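Report on the structure given below.
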C-alpha cells in the first residue's frame, strides 16, 4: 500500500500521464462528471459517478471498423486501425469495473472482437473505492463490493490522502511509474473507511433489492408477465438508459459516405429504438412493450442464461438518475418480483 | 392539492366522465416520479402523487391515449396546457376524448437538479415554506426552492391555464419572464464565441433521442432521423457537423410550434440547454412578426404559416445589403 | 493472423441469373477465382456493397460445389435493390460463414427427408438438397414439396425440372397458389398440399418459407402426427455483426446468427415468440 497527500494529486496525474493518455473524471460545462483526458492542472470531479460509464474506453460510442474505396466495379478494403497508445483510466468505480468483466464475456468470446481486445490490452484501470454511496446505488445486489473494487490498481481516498494498491501486473507497472510521488502507507485509514462505508451500505434505500426472482431459468414466466404493459406504458423509447448503462453493448454497423470513400463504423445502438429489429419486410418487435421487455429480459434472464448465472447489471444506478420518466431496472425488478416461482 | 386531485379523479371515474386517468406515479425515492395511467380508485390511492417533482408534461402521451377507447382524464400544469393547445391545433390529439383538469404549479424540480447543487444521497424530501428540507444519507440539507428549480421554472412564462375543462385551485397569470436573457447574451457574442459555446454544449450529446422523443412538438409518425433512406439516419453523430445538425434541424422543425415547455432540457442526460435553440426562434419570430406564443389558443395562425408582402426577409444576404 | 470477423473479404460476381420476377441468383468467387470460404448447408454470409448496406443471406449453393458460391436473393430492401441492379463483374464484400447450418452429417444422416418450402424459402434449402443429391448414399428417400404464388415465382424452376425431378429417389411436388395458364400441376397453398400428400411419419422435415406458411404447415404436420422434434426450420432476423454480439437477432437466450439460423421446432417453442 502506497499513499500520497491529496495536495499532490496533480503530481500523481502528471507522472501517470507521462508517455500515454490519462483519463480522470472531471466536471464538464454542465457541472456533471465525465472521463476527460487529463491535462496539467485538471481537477478530479467530486461526483460519485460520471454520466456515461467507463465502457466507452473499450467500446466507444462510435469507431471506424473498415474503410472502402470504390472505383467502378472494384472495391478496396482498408483496415483503418493504427497502433493504439497505452492509456490509464483513473477513478473507475467498483460498478464500472465489474462491467468490464461482463463486456469481456461478450466481446472476448469466440470470435474475439479485436477492436475491443486491443483497447483492453492497452488500457490500465485504476479504480476508486466508494466512500459516499448514493441512494441510487444497488451494486451489492449484484455482488459488487464498492469498498473493494476490481481493477489493475485500487485507490482509496480519505479526507486528505489517497491510498493506492496494485492488484495486477499492469497495476504494478502503474504504481512503479508514479512511485516517485508516493510514500509508504499503512492500511489502517483504508480499513477504517471500508468499515465506515460498510455501515452505510445496509442503510441504502435499495439495500434489500433481491435478484431471487430472476435468472436464466425464469424465461417464459417472466416473459409472459402481464406487468410489462404497465411498466413500459410511458417509456419514451429513447436510448438514455442504454447509453449511460455500463453493460449495454448492442451496436449497429453503418456506412458513411465521406465523399472520397466509405467509412464503415460501429456505434452504440439501443434495443429501445423502434428500428432496432426492423427488416425490409417487417419488425418482430412492433411496440415499445416488446422493446422495453427485451432490454430488461436481456439483463435479468438471457444474459445469466448464457453466462453461468451472472446478471447483466452492476447496480450503478445511472438509469435511475437519468431516465426521463424515472422508469428503471429497480422498478422493473420490484414489479416483477414474485412473477416467477 | 394531491388529495383534491385524487378525490376529483375518483369522482370523474365514478360518474363515468372518464375511464382512466393519466397522472404521476410515486417511485422509490422522493423524486423519481413516473407518468402512468390509473384505471381505478385503488390504483390512484396506491400511487398517484402530485408534488414539487411532477415535472413531466403529459400532452404528448395524449396523441396515443386519445385514440384509445373512452375518455381520459389528464392533469395539466399551466405550461403543459400550451403544448396541449398546440397539439389540438395540429389535430394530433382528439380533444373530445380528453377531460382536462388544470392544476396549479409553483415550479417543478427534479433529483438531478438537486444533485447538481451538491445534495447527494437523497432519502427524503419535505417542503417547508419556500425551502426543501432534504434528508440525505449524510445528514439533513436545506435548500431554498428558488435555488433548487431548473431554469425553465425560474423563467416561467405563464402560470395561466390556456386549456381546461375544469380547474383545481386558483388560475395564475402570464408572467413577466426573463426567458430571453440568455438568448440576448448569445446574440451579443461574436459568431466565433457563439459557435464555441454551442460546440461546447452539443459535443456532449450522446444522441439518445430523449429530447426528440419527449418533445410535444415532435410528433411525426416517422422522424427523418429514423429513416434509413434519408441519408442522415445516423445513430451516432459520425462527425461534429452531424452532432450539431440533429439539434439544429429539430429546432427548425419545431420553430413556431414549440411552446417553450422546456421538456427537452429537462430530460437531457447531458444537461445541454437545448431550450435556448428554441427560444432563439421564438424571440426572432416575436421580433419579425410581432409577439406570438405557440399554444396560446387553438385558432390563431402561426406567423410562419402566413405569408404576405409585408413580411421581413431575414437573411444574412439581406442584412448585408444583397437581394 | 487473427480472422477479423468485422472486416470483410472481397468477392466478385461472376454470373447473375433472373430466377423469378423478383429473385436473382448471384454467383460469387474470390478475387483469385476460388471460393471465398467453405461452408455447411444452411449457413449464411454477410454480403455488402459499401455505402449501400450489409445484410445476411443464406448460401444457396451446396458446399459440394467446389468452384463458387451462389446466393438467391429477393428484391425487397435497399441493398437487395442495388444487388438486383448490378452487372456481372461487380465486386462485393463478403464475410462468413455464419450460423450452425443443417445437421446434414448427424441428425439427417440415413433419414428419409421431407423438404417443404414456400417462395424464396427454397433458397436456404437448395444448399441442403443439392448436398444430399451429391451424397445420395448417405440419405434415404427425399421428398420436396414446394409452392409459390405463381409458376413464375418458383425459384430454381429449371434446376428443379431438369435435375431434381430427373434424379432417382427424389419426389418433387410443386404447387402454385392460383390457376395459371400453362400450368397443369397442383394448385393450392402449401399447408393444404402437405396434408393432401400425407407424407410418411418417419420422415425428418426441413421447412422454410413465409411465417404464415410455417405456422399453418407446422399445425398441419402436427395433425398428421409429426412431432416438433422431427421438424427443422431456418430463421431470418435483422443482423449486423453475424457473430452473436451486436444483440439484434437475440430471441431469449439465443442469437439467431450464431445459435441458429437452423432450429428444431421443439427448440423454438421454448423461446419467446419474437420472430
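Just so it is clear, A, B and C label the chains in written order, and each chain counts residues from 1 on its own.
Rule of thumb we're sticking to: contacts are C-beta pairs under 8 Å (C-beta built on N, C-alpha and C of every residue); 3 or more make two chains touch, one makes a residue touch a chain.
Quantities reported herein were computed from a predicted structural model and do not represent experimental measurements.
Student: Using C-alpha centres only, name the chain that sits farthest from subunit C.
Tutor: Checked the centroid distances; the maximum from subunit C is B.
Student: So which chain ends up in the middle if you average the CA atoms?
Tutor: A
Student: Where the CA atoms of subunit B average out and where those of subunit C average out, how many Å apart are those spots?
Tutor: Whole-Å distance between the two chain centres: 51.
Student: Express in whole angstrom the distance between the two chain centres, defined as the mean CA positions of subunit A and subunit C.
Tutor: Here subunit A and subunit C have centroids separated by 40 Å.
Student: Subunit A to subunit B: how many Å between their CA centres?
Tutor: 30
Student: Can you tell me which residues of subunit C touch two or more of the remaining chains?
Tutor: As it turns out, subunit C has residues touching two or more other chains at 78.
Student: In subunit A, what residues contact two or more other chains?
Tutor: In subunit A, 252, 269 touch at least two other chains.
Student: What parts of subunit B, by residue number, touch at least two of the other chains?
Tutor: 228
Student: Which of the residues in subunit A end up touching subunit C in this complex?
Tutor: Against subunit C, subunit A makes touches at 65-66, 68, 70, 73-75, 77, 79, 106-107, 109, 111-115, 216, 219-220, 223, 249-253, 255, 257, 262, 264, 266, 269, 271, 276-281, 284-285, 290, 294, 297-298, 301-302, 305-306.
Student: Could you please specify the touching residues of subunit C with respect to subunit A in the complex?
Tutor: 2-10, 50-54, 76-78, 80, 87, 89-93, 236-238, 240-241, 243-250, 252-253, 270-272, 274-275
Student: Quick check: in the complex, which residue numbers of subunit A touch subunit B?
Tutor: Checking each residue of subunit A against subunit B gives 28-32, 34, 48, 51-52, 61-62, 132-136, 200, 203-206, 230, 233-234, 236-240, 242-244, 252, 254, 256, 263, 265, 267-270, 273-275, 320-322, 324-328, 330-331, 334.
Student: Enumerate the contact residues on subunit B facing subunit A in the complex.
Tutor: So the residues of subunit B touching subunit A come out as 27-29, 31-37, 56, 61, 111-112, 115-116, 120-123, 136-138, 200-201, 204, 206-210, 212-214, 226, 228, 234-238, 266-267, 269-272.
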